[in-house]
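I'd like to ask you about the structure that follows.
When the chains are written out, they are named A, B, C and D in that same order, and each has its own residue count from 1.
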Amino acid sequence: MKRYTWDRYQKTIPDDRFYYARSCIRQNFFPGSEAVFLRILRDDLGVDVFDDAKHTSCTGIGYHSDIVPLETIMTVVARQFALMTEAGYENMVSSCITSFGLYTEILTMWEHHPELEEQARANLKAATGRDFVKPKCVVHSSDLIFHFRERIAEKAKVRLVDPVSGRPLKVVDHIGCHYAKIFPTAGIGGSEFPYVLAGMVESWGGETVDYPERRHCCGFGFRNYLVQANRGVPLSNSRQKLESMAPYKPDFIVANCPGCTMFLDKWQYAISEIEGVTYGPDGRGIPVLSYEEMAGLVLGYGPWDLGMQMHQVSVEPLLNKLEIEYDESHKFLGNNGKYISHPAHCGL
Amino acid sequence: MVNLYFEPFIIPFIVGVVVLFSVMWTKFISWISALPQSDRRMMRSGIFSVATVVGALWEAFRECLLHLKIGRVNGRLWYMHTSLAFGWFLLIAFGKAEAILYLKTPVVPIYVDVFFRKYFPFAHVGAFGFIMDALLLFVLSGLVAAVVKRFRPSVYGMRRTTDHTLGDKLALSALWCIFPLRLLAESFNSAIYDSGSFLTGSLGALWALLLPSRSLPYINEVLWWCYSVSLGLFFVSVPISRYLHIFAEIPLIFLRSFKVRASVRATTFTKLQRAACSRCGICIDPCQLSAEGISLDTQSVYLLRDERAKGATLAKADSCLMCGRCQSVCPVGIELDVIRTSVRHDRRKATSSFDYGYLDTVHVPLATSKVGFFSGCMGRLTPSVAASMRAIAIRSGVDIWFIDEAEGICCGRPQRMAGNLDAADRMRERNEELFVESGIDTLVTSCPICLRTFREDYHLNGIRLLHHSQFIAELMEQGRLDVERGAASFAYHDPCELGRGLGIYDEPRVVLGNIGRLEEVARSRDKALCCGGSLAHLGLDMAQRDRIAAGVCAEFEATGADFIVTSCPMCKKSLSRSTETRVIDIAEAVKMAVGVEEA
Amino acid sequence: MAAKRVIVIGGGVAGMQAAVALKKQGVTPMLIERDITLGGKLCRWDRLFPSGTRAGEVVSPLVEAISETGIRTVLCGEVSEIVGDDSRVEVMLTDGSSYEAEAAIIATGFDLFDASLKEEYGYGIYPNVVTSVDLEEMFRSGAVVRADGSEPRSVAILHCVGSRDRQAGCGHCSRVCCITGVKQAIELKQLYPGCNVYNFYMDMRMFGSGYEELYKEAQERYRVNFIRGRISECSGTMDSRVLVKAEDTLAGRPLRLTVDMTVLLVGKQAPASNAKFASELGICVSSDGFFKGADCFDGATLTSRRNIFVAGTATGPKNVGESMNEAVAAAIKAAEYVKGLA
Amino acid sequence: MEKAVADIHKGSSGTVAKKFGFTVKSGRAIDIDAADMSVADEVMARVPSWSLCIGCGGCTATCTAGAFADYNFRRLHLMVRRGEVTGLRGRLSACMLCGKCVLQCPRGVNTRGVIAALMELLPRD
């Protein structure tokens, strides 16, 4: 896809020593993703990523739903930074797009309104007795995978290429709005043509698809989703994207935000149930991967270890296309071999 | 036993006559019997009043034969029509008389007197022969006039004449052959038996001189056959051509004298009127759409023609200003506008539906006087008229209640003209309620369009209906509005709906005469031109309307008057777009003359 | 006493007209043009509104007048600096040469807004998104075709691209893009009667005489569709058409439309040299970067430096006629001034 | 395995259509590509001056019926030009055909001609 201004939006990403702020949602929707993220960085790339059990949710889901006031979230974020400082780290990597958006937003607010920082510092001291140092650099976990994409490419066991025809897989990359649209300079490639996921796909042999509704939001939006009656809004927005990308016959979708990844996957199931329409060439939906899952597949991790069996759009067609072995019988068995139930599948 | 004088050559003639009269009788009988109950009641009472019947007979004679109405409009055209119609009538009458006298018995088959010379070549020619030849010459002169009109209408001062359908052209050619063939037949007959008078005789002598005498009998026989065939052909073509007019006009005149009128919901009387249209084309030139070259095939003659065929399209029915100019010159007096409305109604019935439920929510302010002034929709776009009426009321010390100052319900006439009769009635009913409930005893309006439907369609049980020019004239007459004549000169434009529509010509002129110098334009009163703004025409756009108005304004500017005065808000809007001269409503003129400052 | 000299910077219609007018005023003009030919932007235009006159018919008479009257012209002359005082001006070019005169008229014209800066319109990204200048050059070459050489069956024309747009950093109205949009819409329909043309506008600013009539003709005769609504973004579709998104503000509803080609009516911007000259010479520019006359009336072509005059689109977006009139005004003022010098 | 919690009922087309307590809605955008312009083209052929409309709203402003009923003529005939004709016929039936809009239109559009044509051509709901 011809791009024009993406090179104007670059940012420096450190090479090592990160404090990992996990995502509260992603551990439920895609538990495997965060686990494999750590394994790839630590085992495959030898990067020091500190996983601290003491850090909490950034409360962004509450803040964006008008439940958590600004002072509270600032104090919680201050605590996260304090934990990071105590753990001896200066760079923070956020697993969730909303967190990343929030950390950037709060740091920018502190920059323009130092008094808010002082207030957060005072609140933290009063509440926990801790003090904090602002992180030197805040990146999103997809930034890191993007940053090491060439090293991952070298270790790749699977290329994003159709082994039979040799044609690069057509991948729809969808970027979380809080990543690039709020602070364009905080994302790789800016808001018009974000390159963070496209970079990975292209380094690993794939090809990204530019469909008309590429920039459109998946519609997740906390308030839209939390109230059941509002869920028609995200569903309709996602459908608009799916309708627009369908003609391009993408092989799979990759996203870097807990909401987008889950809903582009789950809404395909809802649409097929409500309207009887199933996207994707073989009528079984377009598989939706998180970038960690994609990186895991490229590095040869087992699909079930990546937690891909939890997707509502079955991933087998993609795995077969990439000639990745998997054991169908173990699909829904936990580590202890017990049946862990399964989601209703799309198009069956 | 009665002698039938049967000869083979009369067969085509007989066939023609039988077909003609049988078709015609069945048509007319079925139409008349299918007339609505009320019309038939009027017919019954009319038939037994000797005065109306004699009056109708006299009118039939005046119009069907002498075409006096055309005479008043166009002398040459009158001669053409009268020579053909009256000439042929006399030819038949005298022929009958000659045959009866010769055979000394009243029972003479019709074909005998038509082909008298053939039957009795040796009968004494004498006076009858002379008269018959003179009448034949008279008819032939009419025929020549008809041919000239067909190809040179300008000789008759007509810019355009009807372009005929194929059927009419065939009937026309058959008619045009009849009299020359009669002339030839009788002249050849005279060549053999010397049975001709001054015309046929001398021509016969010529044939005898030129042609070998042995060939004369054969040519004579052939010519009589041709004569009979041409008559037969013409009679057969009459029911399906414009010439049905010859026979349809007579019952039309009688029914009309019995007060039967066409209705906007077509009845069989509409069919009779349609049949009575001779497609003479007199209605084409007065039509400003034709004069301005806007539409050349939507005039009344073409509408009636299409209606007699498979039915006119709605587009054609819609393309007419309904200004009444053609109706005012139609020699047959056909109610053209009413028929066109009924056509529009019929074409629109299937698709037009209106929902005026909201009308019940419309109320008018409390009445402040027994005299209500209704400015109408157009009136609300010409506020100067209402303002002038307010000033005049103050000056003459009368109270006027301005009914629809803010908003109002349309009087319904535009819908009626478009053929949406039920919708128009819905509006009429609601307005009636509002007017009657308000307790006014006089309803004045500055809009002739509204006044016309108030008078023709509304049931306002006793409320006096006045155009504001009439109201002002009354005030002047009663001395309540004192005014001295100013120096300004006014060229008065008669709005179609006020003039031709309601016959109100004089009151505006009296008013203007009192306040200044009245200038009459070339074409005024019932000849007045339409301003082009008519709501009846649904197809014109602004450019076309301005083209029409430009022609009208030129005539008014020619008078050099200071002001062009009209008494219709629509005319004021249309004319003012197409002239530099100031166009004002009659109320404004009065207010200026009376010099009353705003209330 | 030697004839007074005036240097005219910029060889567009304004510069050429100023030079010719100066000659008539009995002053020795000298024309410096950055490009290899005279004529400025008009060399790239096909036909001019509202009359449809060929651009060449305006440029060539001026070029001939300049050569006939022997006005000294320096082509490929990029001005590096202008120095001097109220009675002398020295214009130094980038190639090191420099010229002296008593006064100077700056007629450096305008720059076209770089449509790629409005990234969301996809200029330079989607093949069938072109600017009004590209379209004008297509009309000149006679090949008005899509990227793949095919005939466009539907075209969207976007008004106000790089004009009246804080996002693009240009808040001013470039005045002539509206009428250009109407002209090009008509030219497209003349070339391809079957093609559907949609103009998306915020306001139709038909300021000049004959413009409103052209607008009416576009509606009535050529059935150009005018949709009131500012396009937010264009996206490429699979068959390299362009999906256009707008709101039809008169219907109060969002609107989607896929067209074969999108034309961006790019606005006029002040050339960078305006700011440079302004600072060097101490003359002022208005907020939109165009030279500001001493006042908007009689002094429209005067500046705070008594021997520096400005004319043409350098003082603000205008049509060709207005530029040439302003050039004559500047020439007369300059001639008056230099003749008054000792 | 037990079915998902959402209550299930047979969709009209016989397929199992789950009820989720929310549903998918197609966008409100006017889609010119898919618009059916047949009515607009026919009305334009009959009333060419309609092409001159600049949407100034003068007709709606002066409208007699519009003062009382929910009837916005400018918007109505604009939606016809956008190919959305369903549901318009009912609104149009409020028109009194009084002709004020003809006198008001700054572009000289034959608005009543448009109304008469729409009366005939708009689909009946």
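In this section, a contact is a pair of C-beta atoms (placed from the backbone, for glycine too) under 8 Å apart; a residue touches a chain by one contact, two chains touch by 3 or more.
These numbers were taken from a predicted model, which means no experiment stands behind them.
Chemist: Per-chain Cα mean versus the mean over all protein Cα atoms: which chain has them closest together?
Modeler: So the chain nearest the centre of the shown protein is D.
Chemist: When contacts are scored as defined above, which chain pair ends up with more C-beta pairs, A-D or C-D?
Modeler: C-D
Chemist: Please report how many Å separate the Cα centroid of chain A from that of chain D, as a whole number.
Modeler: Here chain A and chain D have centroids separated by 43 Å.
Chemist: Determine the centre-to-centre distance between chain C and chain D, using the mean Cα coordinates as centres, and give it in whole Å.
Modeler: 41
Chemist: Quick one: report the Å distance separating chain A from chain B, using the average Cα coordinate of each chain.
Modeler: Each chain's C-alpha centroid was found; their separation is 85 Å.
Chemist: Averaged over CA atoms, how far is the centre of chain B from the centre of chain C? Could you give it in whole Å?
Modeler: About 64 Å separates the centre of chain B from that of chain C.
Chemist: Of all residues in chain A, which are in touch with two or more distinct other chains?
Modeler: Chain A, residues with two or more chain partners: not present.
Chemist: Among the residues of chain B, which ones contact at least 2 other chains?
Modeler: none
Chemist: Who touches whom among the chains?
Modeler: A-C, A-D, B-D, C-D
Chemist: Within their complex, state which residues of chain C touch chain A.
Modeler: Going by the criterion above, the answer is residues 116, 119-120, 124-125, 233, 235-238, 243.
Chemist: Tell me, which parts of chain C touch chain D in their complex?
Modeler: That would be residues 198, 204, 216, 219-220, 223, 225-226, 228, 245, 248, 250-258 of chain C.
Chemist: Under the stated contact criterion, what part of chain D meets chain A in this complex?
Modeler: Against chain A, the touching part of chain D is residues 1, 3-4, 11, 13, 15-18, 20-27.
Chemist: Quick one: which bits of chain A touch chain C in the complex? Just the residue numbers, please.
Modeler: Residue positions touching the partner: 2-5, 192, 210-215, 247-248.
Chemist: Applying the document's contact rule, which stretches of chain A touch chain D when the two form their complex?
Modeler: 228-232, 235-236, 239-240, 270-271, 273-276, 341-342, 344
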